[in-house]
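Multiple structures follow.
Both complexes shown next keep chain A, but they swap its partner, so chain B is in the first and chain C is in the second.
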Partner chain A sequence: MVPAQDARRARPADPPLSGESPPAPPAPEGATATHRAAVSAWWRGHAEGVLKWSTGVAAVLPSLALAAVLVALLVEAIPAIRGNGLGFFTRSAWEPGNFYNPPVTIGGVTRPAGASYGAWPLVVGTLESSLVAIVVAVPVAFGTAMVVVWKLPRRLSAGIGFCLEMLAGIPSVVFGLWAALTLGPFLSRHVFPFISHHTPDVPPLSFFHGPVGSGEGLATSGLVLAVMVVPIIASTSRDLLRQVPRGTEEGAVALGMTDLEVARTVSIPWVRAGVFGACVLGLARALGETMAVAMASGVVLGTIPHDAYATFGTIASVIVSQLDSALTDGTGFAVRTLAELGLVLLGISLLVNVAARLLVRRSSSVALPVGRGI
Partner chain B sequence: MVQLLENATTGLAGSSLPAPEPLAARVALAAHGLTLSYGGTRVLADVDLDVPTGAVTALVGPTGCGKTTFLRSLNRMNDRVPGFRLSGSLELFGEDLYDGRSDPLVVRRRVGMLFQRPNPFPLSIRENVVAGVKAHRLARRSELDSIAEERLRQVGLWEAVSDRLGTSPFRLSGGQQQLLCLARALAVSPEVLLLDEPTSSLDPVSTAAVEEMLASLVPDITVVIVTHNLAQARRLADHTAFFHQGRLVEHGPTVRLFEDPSEEATRQYLSGRFG
Partner chain C sequence: MTTVPVKGTVPARGHAARGEARRLVLRRLADRLWWSLCAAALLGIVVPVVWVLAGVVGKGVRGWQWSVLTTTTQGTGGGLANAIMGTLVIVAGVLVIAGSVGVAGGVYLAEFCRDGRGGLLRGASEVLAGVPSIVLGYVGYIVLVVHFHWGFSLLSALLVLSAMVVPYIVKTTEVALRNVPTAYRDGSEALGMPRTYALRRVVLRPAVPGIVTGLILAMAIAIGETAPLLYTANWSNGYPSAHLLHAPVAYLTYPVWTFYNQPQASAHRLSAEAALLLVALVVVLIGLSRLVVARTQRHTEGHRGAR
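Then we have the complex of A and B:
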């Protein structure tokens, strides 16, 4: 039986082809034409099924990728989790141990003699640098968005929008170079001494009081992270502010409100949830940012930054800077510890995300007539 | 009315009758030689119109005739439009609205506005009603609840929303949202209320509810309504002004205008020949 007939039987209600598609070019041989018609008929009969399966696979693939990454990370990290124990979260040590002495086996896990790892300073460093980034970036980004949408002429705001997109597209290693070569030295010479000198030595302000160092450290890293996060928050905020209905803003103007009151009554409540989502995205970016921090932080292991200018390390920057030496650990314990660190970073990101979602749900009691943005 | 007019006339003549209302007090809004333009394009030319206090005045005319622009200049909403220019004079109870001394924020409190589409703020129902009161600091914090209740009762929405004052206004029907916006506009105690086709996006039942509410506002509040619905103008308005091609063609008591217009264009428009 010819497939063409097959297909026709399957879909008897098919309208004649002539009406919908341009006439096929004359085929050089009769056999090719028949073949082409058969293929086309087969496709018409099966397109639905093919589409269904291919989209199904496409829909499942991301989840599969996530699962694969998680499983691989977990498998790699499990020996380290057992070997490092709960103390991993409280210890400050970062001792790869002595690779020349025979390895020791404790609780079924083999490691170099004297090896001891703790993630606490890195967890603190990760959170602190991201916090600095968000605290600096959110007001700047939202302020930029408000100015661009409300105050600037159209052409100028389009230019700023273009700059924001360019900023978002700069590779993080370039930011890292800039931070290490230009921003850090500049800040440590001209800005940090001033701040340090004028902040009183009283907690919590004493955090900003201390030796300013060479410019590698927490403050520089936080600021470069802020520069990287600003475009994410600013461009999202700008798009959201543009979507606030004019009629609603006019309603507030017609009540005799000032621009500030219009913003507070209409525009900001309208975009709040979406901007919050953008901030969470920005925070996630800052938490996971690797290269720029690796180049700007000084990557110090085993100590918690005790002032804003101290060198420090984050989870991501330590993973990338320590991988090379970890691979020289013949027992594999160092690499597994890095995998465990990766797992911790994943957990922090996840926690931040969930917490943010809960916060959004609680803070915005008024449902908007539109979606929540992000 | 006739009596009042006589009093006013004799009052002006300087008789010894008990303090009559001065004539100006009975005109809420007065336009003299008013010309409005956007970026060099003249939208409305040479309008002379007195809007009587405590009555409903309808502005009718085909699309693009300038009636909405006129309406929006009455509370200085056009100030925000780049390129907007105004010449001539516009007075609110005898005070020039555009003389540089008048504060647009104060003007907009005294002259409220209701829009074509309901535009509740993204705040709770209660906060919507008191938003203007808070902005102008017209009441203490402790009084806000009772103000919200009073205004919601006034527009007949209290029964429907009293148990969900803290929830979103966007779950209300279109008509209820428009009434909420009306309550919000009334909460700052305006002297004049401008309505820009306030029922054009509503169904007939909601329209009736909003119209009923508007009719109850006079004579405490002067109402100016732009409408495309001639039947609505007839039902609601004491006075009607007909705009056509950027000019005020004719105005007068609604009944007179509809039954015996003096201009041919008015007669044709009101009888549905064009629109």
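Then we have the complex of A and C:
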């Protein structure tokens, strides 16, 4: 720790400490001088108040933005909520209806004839792909964090840190491009046929038994999501593992424990809540991810994926790819249905996010924002 | 940390000794197995990074033409100069809007906020960070583009992206200010400095690297996002204009998403080159944040030497 050199260095050139602004220069007579003195006196008295209020307004703005988003989405979605009813969550159909026939009005909501929307397959697709991502990402991320903190020399762990930053920083469209052009075709040619061929067709495992397809689908999307989620979990776990008190770990070593036993009895219990929080945060990220899934899933409407290689759709990917065509619905019902879909997604991811942040905060007070970025 | 052998610590004979020895072997075996699995997990990090980078660089370099940097897009051909300019304009705008709001908000939360109210503001800001980007983009489209009649425009894109990154800037600013050693504050108070003066000249200075790191993070997000921009900035074949409203803007993520499955070879080339440019920008930003972090280490309180 270097002592407060900056503060000391800064002082000699600075104005006297009596006020915020430098003292008014020797005043030439006249109105301007008295005016300036008055302003500087006023400023001296009010600087703190002004700063407090202006920064306070800025601090409130994110909350206002959040409120605006919620209100706008709700207002936009209300006609769709009334029009689609509760069946929205159980139906599988995604029928925009016939735009050329005269629209029908049911229960005060106008929509094209034959329009019928159901979100069930999308909810299932969103949850399933995120689940695949978490199941793959958690062991990889936590194992990496353990090795980086316990075993790797500093240089190598810095290299892994760079890899994690790259994974966190690479835009999701680039991951999507990689999944669509490289990973998907590779898996469908070399990996999926092998797995599909060697898994027996009995109920729990028959999920991996099926036609392999072109590489767009649940497994590919889940793997890409896993790659995007790993840096969140790994970097949080690494930082938490570094905060485990050294003395306790060394005490455990002195008792004759192997490294694994030290990890199991001391380190892992210490970081458990925080790592769990990071996992849930990663889950939230996977649930809301749009572009990579839109490029890797095939964005199929109206069917539930029944094997690991089937194409499917998630809520976010359907919103982004269907908004264009929804705008052609003259009654606006399709766009409003997308708003309802967005509300469902928002509900799911906020639930998950709030739970995660409560957990992370409880375990570490200085947790940096972990989420999208580096 | 090394394994301490338990061998010989227990003076045991016969069966007991053999059982002890076998248990020790098993414990060591479990230890080896666990750490091998953990080391294997490293592959799960390194392989995707190398694979993605190799894929992006390989595809981007293969058809690379320098004219990409100087000509604008025509249909699915031409160059990406308009998108590069647009991305730079968007990033600059987000830095101005989200940067000023976020830094000010972070200063308020760290310096002026009594904890009761701060909890609510912090919570709201964290919840905002958790809103999926496509939901923000959708709301931006419905409210700003359609309802306010702004059309596809720079301003609506900037507002949506700013709402997305502000929570990160608020958080990093607050953490950076809280990490300034308390001795700095105590010292300046003991010298009789007014609070604002001390904040400006003493406390803020060591926090600057942390704040800058937050701004770089915001820039990385602004460069890499697609979903919030598709329906707010849309796309334009020309350079960004000076108009905030009613003028769509091009940006680098659009060609990656739109052109990759078009039939033309020129579209594929643009898609690959845009991806290469995006990754290059990200690498530059990571390098920048590394530099800043290296400079900040000596100022933060409670910094533990990395193991």
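Here is the rule we go by: the second predicted complex is superposed on the first by the 312 of 374 C-alpha atoms of A that agree within 3 Å, B and C clash if a C-alpha of one lies under 4 Å from a C-alpha of the other, contacts with A are read in each partner's own complex, and residues count from 1 in each chain.
Here is the rule we go by: a contact is a pair of C-beta atoms (placed from the backbone, for glycine too) under 8 Å apart; a residue touches a chain by one contact, two chains touch by 3 or more.
None of the values given here were measured: they were computed from a predicted structure.
Novice: Report for A:Val140: first if it touches chain B alone, second if chain C alone, otherwise both or neither.
Specialist: second
Novice: May I ask you to decide whether A:Val266 touches chain B, chain C, both, or neither, giving the answer as first, second, both or neither?
Specialist: After superposition on chain A, A:Val266 lies in contact with chain B alone.
Novice: After the superposition on A, what does A:Thr258 contact: first (chain B), second (chain C), both or neither?
Specialist: both
Novice: Please work out whether A:Pro204 is in contact with chain B alone, chain C alone, both, or neither, and reply first, second, both or neither.
Specialist: The answer is neither, since A:Pro204 touches no partner chain.
Novice: By residue count, which of the two partners contacts chain A more extensively, chain B or chain C?
Specialist: Comparing chain B with chain C, the partner touching more chain A residues is C.
Novice: Identify the partner contact of A:Pro245: answer first if only chain B is touched, second if only chain C is, both if each is, neither if none is.
Specialist: First partner only, chain B.
Novice: Between chain B (first) and chain C (second), which does A:Gly108 come into contact with in this model arrangement: first, second, both, or neither?
Specialist: neither
Novice: Please write out, lowest number first, the residues of chain A touched by both chain B and chain C across the two complexes.
Specialist: Touching chain B and chain C on chain A: residues 250, 253-254, 256-258, 261, 366, 368-369.
Novice: Which residues of chain B touch chain A once you look at their complex with the stated criterion?
Specialist: Within the complex, chain B touches chain A at residues 75, 77, 80, 104-109, 112-113, 115-117, 119-124, 131-132, 135-136, 166-171, 181, 184-185, 188.
Novice: Using the touch rule from the top, collect the residues of chain A that touch chain B in their complex.
Specialist: 245, 247-248, 250-258, 261, 265-266, 269-270, 365-369
Novice: Which chain A residues qualify as touching chain C in the complex?
Specialist: Counting only chain A, the residues touching chain C are 1-4, 6-7, 10, 14, 17, 19-20, 44, 47-48, 51-52, 54-63, 65-66, 68-69, 72-73, 76, 139-144, 146-147, 149-151, 154, 157, 160, 162-167, 169-178, 180-183, 227, 230, 234, 242-243, 249-250, 253-254, 256-263, 284, 287-291, 294-295, 316, 319-320, 323, 335, 338-339, 342, 345-346, 349-350, 352-354, 357, 366, 368-369, 371-374.
Novice: Along chain C, where are the residues that touch chain A in the complex?
Specialist: 1-4, 6, 9, 27-28, 30-31, 34-35, 37-42, 44-46, 48-49, 51-53, 55-56, 59, 100-109, 111-113, 120-121, 124-139, 141-143, 163, 166-168, 170-172, 175, 178-179, 181, 183-184, 187-188, 191-197, 199, 201-202, 205-206, 216-218, 220-221, 223-227, 230-231, 253, 256-257, 260-261, 271-272, 275, 278-279, 282-283, 285-286, 289, 298-299, 301, 303-304, 306-307
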